[in-house]
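Each of the next two complexes has chain A plus one more chain, namely chain B in the first and chain C in the second.
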Partner chain A sequence: MATELAPAGAPAPGAGPHPDRGGAAPRTWRPGDRVALGLCWAAGLALCLIAAAIVGYMAYRGIQYLRPSLITSRPRPSADQRGSGGFLDPIVGTVLLTVIGIALATPVAVATAVWLVEYGRPAWLARAVESGIEIVAGTPDIVIAIFGLALFQQSLFAPLSFTAAGGAVFGRSFLVAGAMMALIALPMVFGATREGLQAIPRHLREASYALGKTRIATIRRVLLPAVRPNISTGAALGMGRIAGDTAIVVVLLGATLQIDPTGNVPGLGVLRGTGSTLTSYVYNNSPAGEGAAPQKAYAAAFVLLLIVVALNFAVDLIARHAGRNGLEGTRFSA
Partner chain B sequence: MHRLRKPWTDRRAELLLGALASLVLVSILLMIVFVAIRAWPSFLHNGLHWFGAGGDVDRQISDMVNTGADPAPEDYALSAWPLIWATILTTGLAVILGLGFALLAAIFLVEFAPSPVRRVLSPVIRLLAAVPSVIFGLIGILVLAPWINEHLVSQERKASVQYVINLSGTGLLVSVVILTVMITPIMIAIISDALYAVPRSWREGALALGVNRWRAIWTVSVRAVRPAIVAGAVLAAARALGEAIMLSMVSGSKGFAPNPADGLTFVFEPMRTLASTVVEDAESLNAPAVRASVYSFALLLLFSSFMLSITAFVAKLPMKRYGTGR
Partner chain C sequence: MIDETRPTDPALAQPPAAADEAPPAGAPAAVGPERMTVDRLGVTYGAKAAVRDVTLPIHQGEVLALIGPSGCGKTTLLRSLNRLTELTPSARRTGRILLDAQDIDAMEATALRRRVAMVFQQPNPFPMSIFDNVGYALREQALRRPRRSVLEPAVADALQRAGLYDEVAADLDAPALRLSGGQQQRLCIARAIATRPEVLLMDEPCSALDPRSTAVIEELIGELRRDLAVVIVTHNLQQAQRVGDRTAFMYLGDLVEHGPTGQIFGSPREQRTRDYVGGAFG
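Presenting the complex of A and B:
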């Protein structure tokens, strides 16, 4: 199959240049090289096919099973699929968790990137922070989740979640899950911001210093506005990671179907309470979970996929917009 | 612009930003400490048997649930080899299968794709990398596993092992196939980034010497990005290692070590990785023995991912030196 995809045509024996060399036309190449070229094409096209198959199949199933009533009604515990309601709460949960996570991650990530690029002293600390971020990026989400549980079950963090009658801290709530989600989104925002900062040429900073601005004033007035598109890109990527993460939700959000506030303070109660997201809803309703309602799982997965695709699209949009307005680092390189 | 607040001094800003940056290090430190403390009893009471094979892991863990608040040392008995083996097997096979594919796809993307194809392909790769694992798991358990169960696993094969394990379509094959699809985009992204960064003149030099384009790419570009290939494989392995949800859905979720000596049955055998064990047993953490075991799995994962991160970091060093790195 692979060789068929290669730009076809048999070489005229002896007509072309030496098989090892040869011109631009692949048909003058050695058979081995042509096979390799064909494999390259096959790999590229297979990638497109796989992606199209996944998205297409999910769209087909999603449109087949998605009903407006599913989005607007709350889930109810029920043995019967028809009585178990929709997934309004999981959608709200996904949005809430994404907002909490990215709101916590962005300031820290941007501050870290700014400190690393603009100050970075002492050097050993800078190197430690840099490799620390790589380590966090490589840490499995399930380990982060289980660490969050151990951390937030300490009585010090009792206000963040539900406390049982015996004094045992439950350690599972939107705040707790959001804090751990921030750890997952952090490397993405950090990476994008740092890349933007490094792309800004030195003379821009020096111009600002020459006007008598301090370093921090330069950062706030010159550098941060210039890297805003990078920060948005990183944030959108991070939000995609958060919205798509399941392990942290399963372990740290308490696995109640409905959003279940703790305490009587409106708003804060929800943050301290438990709930579910689209990912945990899909997981629980798949044959692997208890619900075994595949149709609802498909519908919820489709909504989730739409969110992720939208965030991906936002990344593209930001990049294109920034490119058009010349906001990317390239603007300064002329 | 009039401001009531005094502007920040550089000194204060540097300290504040530095403190925020150190938060990352603090959280890593806390992570190691908390996980290690909770995991300690399991390693203490099992010693090196922890890593060994012996007995049924699933039964060992379910026996722990009812051991009360203060379990005796023998209640911690655990031999985690089937879980470790399943983790090695899925991660290793997925990386090996994915690497060649990723290299070819990256070369195609950077060198051969006509620009309309490239404009489609790069967002597609990003999208594939961003699809949540639970969606992959859903497709695996609702589409691939039933299909394999119906068309590839014969009744005789099921009957031949029915007293040991139950072949139902979920197992090694589905796990590795889906895991490969999940981690390949990561490798493609890293390798193609590096290929883009190879100076044009290097390849042109090779072309000017008269080799064809494929040879120029294979002998110059690919050789120059070898560190990125290693780094990509290692980072993809880290991702595969920590994949919990998707594998818990499609792996068959049984503490069984698939045995290559079983012939073709091997690829259909169910198993469960360390990460999915953590996710599935996170419900029963109230029993101290289960808690220690689950956290010991997490500690092993944490340690392995550290090692992989460091390997990737070291692998990328030579690229920084001659400027083809990022």
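Presenting the complex of A and C:
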């Protein structure tokens, strides 16, 4: 549910009430228009209330059950809840997986969007790329997860995960889950970047060409800096999707209680190993899953919500800072 | 970066006010060497001919005003001079254009556009700081961006020549898009002249500006022509008379006639010109 809050947390740059409301006061409007205006208000307010209800309820439950020791201690398998520890590993797992996923998705998504908007030839290929991304965006995450498992269990990808004594490739690790998570985030980053590029007026590109700049220089020095806030927004939405995804974690990360490294190389071992995230931890502890520890599930869900909300605020700040020189507030005449 | 082959300017000591008053009726300003030659230029967009068989010299040290009704091909002619028409896929160009006796088609488009700079109708500063707007123009196609201290003198010089420096010197890191429209357009001029081009193309540079900003830009054009050849497209006949040393009148893709501004407006040879400029007086 947390990811559904993302748009409210990070509004698109330039969103907001139009400064020039134009026209007469609502009092002089026709009744139909007044009803429509009222409905628009109601819809906005209802969304705010729903968001507030989710955050409020989770905060009430979370604060009730959250203890510092839960965040700092590792989970342990134990039938007695007093001995089963906290959820340090799932927190680390969520952060790690989000970073891997967005780091893989962003360059690919931005490059694809740049190619599509700035080159886009041949046209049939551009159409194919766009429908390809739409299909990826529309594919349920469990389907992506199953496909990922089939793919990464091939012996070619053995270095990415654990290989059993018999030679069977496990196909589950942070790297594998991160790669498929990138597919979840990619459409968001792609869409935001494409829209940003399409919103840049043509005369800005011409201004650069007229200064004797090549197309590549124009992209690197003018267009990409101009769409940085869009990329940030898309990345924030994508990170929210990754942090909130459960199916890929269960299928491709192993959903082991603790982070379980593969091999002896520090760091890389963790990436090749399995683990869990807050989503799988919540699922496994809530009444919906194993149902053993709803208090811990609420506490973990609250932490997950905090991470996603904090992420959105952070990226919003970055975008606002990057947007200091941005196209918003452009005025073309004195 | 700075073109040392450019002839040194004898008029530097001349007060700017005199340059502003300059276009005298009948008597052309001291004409410099021919910088660009347009030779039997034709441009078509698909099946539609936008410019037909235009031959026109462009001289150093003078302002050439291109006038004519909308859609007469004056902007297309202007955009041909720095090969910006090539950005339009359907555009086809015939004939030759020479820059210092060299065919512009034989040059790299990027090199040509650094020597034949352009200012557009809409002020179009980049969404960057004032400094970076000019600095971007100055940067060579290098992988590393040069240090700020290297660019600083050239940026300040370009802003000074565009008459903007005093207004923005306090905060060169301010976003360019926060400037007023007139300031933005002068920033675009600074950006265009930063690389010391030989020719400056201006496509209705004042049409988006208020009269006060227009007057500032027109005064600036008068000063700039001492250093370079200026070609300005304008739909404003009074402006053509104010800033143009020579005027070329285009109609339906044809160059009807060109000559000293005073002659075009005072005693045009062609009936079509007489009708068009006559409307301006009536």
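Just so it is clear, the second predicted complex is superposed on the first by the 257 of 334 C-alpha atoms of A that agree within 3 Å, B and C clash if a C-alpha of one lies under 4 Å from a C-alpha of the other, contacts with A are read in each partner's own complex, and residues count from 1 in each chain.
Here is the rule we go by: contacts are C-beta pairs under 8 Å (C-beta built on N, C-alpha and C of every residue); 3 or more make two chains touch, one makes a residue touch a chain.
Every value quoted in this text rests on a predicted model; they were computed, and no experiment measured them.
Contacts of A:T98 after superposition: neither chain B nor chain C is touched. Contacts of A:T214 after superposition: both chain B and chain C are touched.
Within the superposed three-chain model, A:P225 lies in touch with chain C and out of touch with chain B [touch as defined at top]. By the document's definition of touching, of the two partners only chain B reaches A:L116; chain C does not.
In the superposition on chain A, A:L304 makes contact with chain B only, while chain C stays out of contact range. By the touch criterion defined above, A:T233 lies against neither chain B nor chain C after alignment on the C-alpha atoms of chain A. Legend: residue contacts after superposition of the two complexes on their common chain; A:L204 is shown touching chain C, with no touch to chain B. In the overlay built on the shared chain, the residue A:D33 is in contact with chain B alone; chain C does not reach it. Counted by residues of chain A touched, the larger count belongs to B, out of chain B and chain C.
Within chain A, the residues touched by chain B in the first complex and by chain C in the second are 214, 217. Across the complex, chain C is touched by residues 201, 203-204, 206-214, 217, 221-222, 225-226, 324-327, 329-334 of chain A. Interface of chain A with chain B (complex): residues 20-24, 26, 28-30, 33, 36-37, 39-44, 46-48, 50-51, 54-55, 57-58, 107-108, 111-112, 114-116, 119, 121, 125, 128-129, 131-147, 149-151, 183, 186, 195, 214-217, 219, 237, 240-241, 243-247, 250-251, 279, 282-283, 286-288, 294, 297-298, 301, 304-305, 308-309, 311-312, 315-316. For chain C in complex with chain A, the touching residues are 82, 84, 87, 109-114, 117-118, 120, 122-129, 132, 136-137, 139, 141, 175-178, 180-182, 184, 188, 191-192, 195, 208-210, 212-213. Those residues of chain B that touch chain A in the shared complex are 7-10, 13-14, 16-18, 20-25, 27-28, 30-31, 34-35, 38, 101, 104-105, 107-109, 111-113, 117, 120-121, 123-128, 130-139, 141-143, 181, 184, 188, 210-215, 218, 235, 238, 241-245, 248-249, 253, 275, 278-279, 282, 285, 294-295, 298, 301-302, 305-306, 308-310, 312-313, 326.
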